[in-house]
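Some structures are shown below for you to check.
Two complexes, one shared chain (chain A), two partners (chain B, chain C).
Now for the complex of A and B:
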């Protein structure tokens, strides 16, 4: 591979890791600061991606409509797709939160896992909604005409990084403020936080919704990157567990750690792909599972030897006035 | 100030608090004693909204508060501490104390982004006050340590600091002296007395350490088997036949 090819490959890697970093930031609000055990990230990933697809593509007409069914198509620009994905994910998180946030944390995990799979299966089976298993194609990309399509990824990398930084800054501000202090108190001891006058249900709900909105933006960024989505992407492995590994590796309770973890783990994940190329022929068919195994072993090692992750939570988080 | 009328709370077949009525006068330090299993902590849990009473009324400053959620009861200016301290372990001592003031501007997500300057201004005031409170309970040197790494006695002081920060009218203390060494205990007693006199806070406390109770509390209420058994000054309680029977089973008469 010549040098240009390597750089192009690294750029695509950086885009995907950046998109995963957005998911990690969302999960960090929910788990890192509030202790909400959401293992249904794939659900918000899926909703965010489909929301933006329906918002930014036109509804098919004529012959084309025989092949592609979708409930609506608004043909709006990229930015409306992002906002729409965030809002729809927020509303859905709110609806999910009403019954589940009153459950203990293990039950929340079971409920979110089930809900995420339900969304995926709905999109898979309800053809009228978003074209069933064939999915939707032809999503527009922002600033598309600016450069040669072969170099478009550079532009998209900049878009992803800008959005990631904006999300990072808005979360940092909120977490350093009294709002974040209450979330952490809820994480540490819910009963005690309630007795200290904090409406724990309200704060848990805000955390769940805010985190889900961030995840929705992540899903939208993914959809506009690949330009085509189908339900088989949003599996628990790619949509949920790898994000958990990233957050654990980077340091739950630390936003810089969430981003770092996404880049490190995605790098390892891709690196492992190259390594499995050297496997003997008989094992090659099993390569994806071996990669999966490697990542899970990595998670075990982190949890045993460095449970706080690479960066870990800072000792003093409420430093708005320092 | 606080009136409990015929409150009942049972768990399955076990009636922890049964037809219990008692009252706490404003400005007093009222002690609540009784043998293990008398229902003291359950009564505290019912008063502060952790449990809903099955029956009866709880009236605080003329308002019915039974059935309210814990944070709503806190907003009525009543605060409680726990028998086993429940600090926020992975937060610093200062953060633990700064959490307490009610309705902080910066607790609204929107305000953290769009009203940053007023959030900062209030945060400064709160921090200032938190430092004063930590000075008062002599935890100031530990302000940047994790609350979870304090000793048992220091955690009790932190609980006291948190209750001061909350500016309550009434504080319910569940065994403030348990596991506290005598030196710290004297400090704790002095602090409670001072808060009662200077800040006009009413205290209602459960305690097994009779020295602390006899030193600090007046009146003392005795609970046994889920209801009030006796009430009086410490001296009256010491001599009360029924109290001795409840504690010692009667064979020492």
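Now for the complex of A and C:
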């Protein structure tokens, strides 16, 4: 491969890792700072992606409408897609939080898992909603006409990095505020945070919704990158667990760790692909399973031997304390 | 409708086997074992390995019993698979969960570790057997019997109900009559009190995993006999298993039995109105309703 090809490949790698970093940041709000056990990230991934697809594409007309069904198509710019994805994911998170956040942490896990599977089923079976298993395509990309389509990925990388940094800065800001300190108090000891007069349910709900909105943006960024989405993308493996491995590897409770983890694990994931290319022909079809097996073993090793991850949590978040 | 209810009881009895184990583990170890669904899958595939591999190699005849779809090979493979998966569950505890317990990691870390274990089991199955659906006996015609009320039921399904009944009675006797069973109930009731009374909790934990894994394996094999084998079969059971466990109150095995039957019937009856692929969503909606109305389940004390 000549040098230009390698750079193009690295750019596509950096875009995907950046999108995963957004999910890690969202999960870090929920798990890293508040201890909310969300194992249905794929659900928010899916909802965010579909929300932006419906908002930014036009409703098919004429001949085209025979092949593509979708409930509506607003044909609005990219930025509205991002906002819409965030808002819808926030609403879904709010609804799922009502029955589960007052109960033990496992209940939220089971419920988020259920919502992820349910939404995948709905998008798969309800053709009128978003074209069923064939999914939607032809999503617009921001600043599309600016450069030659062959080099468009450079622009999109910049878009992803800017959004990632904005989200990073806003979470850092929120977490260093009194609000952020309450979240960590809730995580460490719910009872004593409650005794200090904090409304536990409310803070947990805010964290759940905030995190889900960030995940919605992640889903939207993914959809505009691939330009085509279908329900089979949002599986528990690609949509949820690889993100957990990234956050645990990078260091939960640390936003820099969340981003670092996304890039490191995505690098390992892609690197493992090169390794499985050397497998004998008969095993090649099974290569993705072998890769996932390795990633899951990595997770177990991290959980047992280095639960704090690469960077670990910053114990002091205020700049004023020495 | 009557037919759907009967099918629901068959499905529900399989869910119950998984839910009883999940409930036991949940009650005694206090964490949500997300690998439980994949114990079902593991059980089904270990039996497949025995039936089509080992047992045919050592020359056990392949005849079937009358109108049932299996014969001696399955009768031998069934208990072996239960033992193997029971051992897998115990091994996972030794390798992963016990280390986390000793480090004082929280219940969520254990749950996450079990989630990783679930994928490890499934990936191994996918690597060995691939992603296609498999059958214990491919291409076998399975005629149904006509019983009163116009219900069509296969002999296999009637046998499934008897096998589940047998295993539940066996478990009941174990918990009520044996010393280990009593100690397990005591531990599920109150861990601290059990410790003070000199009960060896590590041994209890081993037994809990063994029984939970074995029952799940039985459930997986029975589903494989009734429907088919698929690497994701157990994962698709996970939400119904949790729904049944929560409905029947965590830690209560009789509750898990009733919860399993309820979820199974609800899932099958729903196919009269909804696409069958929504079965999983039906279990999920029931679970959310329970959480809203009675989070401690039908046998829970407020």
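What we mean here is this: the second predicted complex is superposed on the first by the 317 of 322 C-alpha atoms of A that agree within 3 Å, B and C clash if a C-alpha of one lies under 4 Å from a C-alpha of the other, contacts with A are read in each partner's own complex, and residues count from 1 in each chain.
The working rule: a contact is a pair of C-beta atoms (placed from the backbone, for glycine too) under 8 Å apart; a residue touches a chain by one contact, two chains touch by 3 or more.
Every value quoted in this text rests on a predicted model; they were computed, and no experiment measured them.
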item	value
Touched partner set for A:63, first chain B, second chain C, both or neither	neither
Which superposed partner A:105 touches (first chain B, second chain C, both, neither)	second
First, second, both or neither for A:286, with chain B first and chain C second	second
Touching partner for A:197 - first (chain B), second (chain C), both, neither	first
Which of chain B and chain C A:299 touches, first, second, both or neither	second
Touching partner for A:184 - first (chain B), second (chain C), both, neither	first
Of chain C and chain B, partner touching more chain A residues	C
Touched partner set for A:3, first chain B, second chain C, both or neither	neither
Intersection of the chain A residues that touch chain B with those that touch chain C	none
Sites on chain A touched by chain B in the complex	170, 173-174, 177-179, 181-182, 184-185, 187-189, 191-200, 206, 210, 313, 315-318, 320-321
Residue ranges of chain A in contact with chain C within the complex	35, 37, 39, 98-100, 102-103, 105-107, 109-111, 113-115, 117-118, 121-122, 124-125, 236-237, 241, 244, 248, 285-286, 289-290, 292-293, 296-297, 299-300, 303-304, 307
Residue numbers on chain B that touch chain A, as the complex places them	48, 50, 69-71, 74-75, 79-80, 82, 86-92, 94-95, 98-100, 102, 104-109, 111-113, 116, 119-120, 123-124, 127, 144, 146, 162, 166
Footprint of chain A on chain C - complex, ascending	31-32, 34, 96, 99-100, 103, 105, 107-109, 111-113, 115-117, 119-120, 123-124, 126-127, 130, 235, 238-239, 242, 246, 275, 277-278, 280-281, 284, 287-288, 291-292, 295
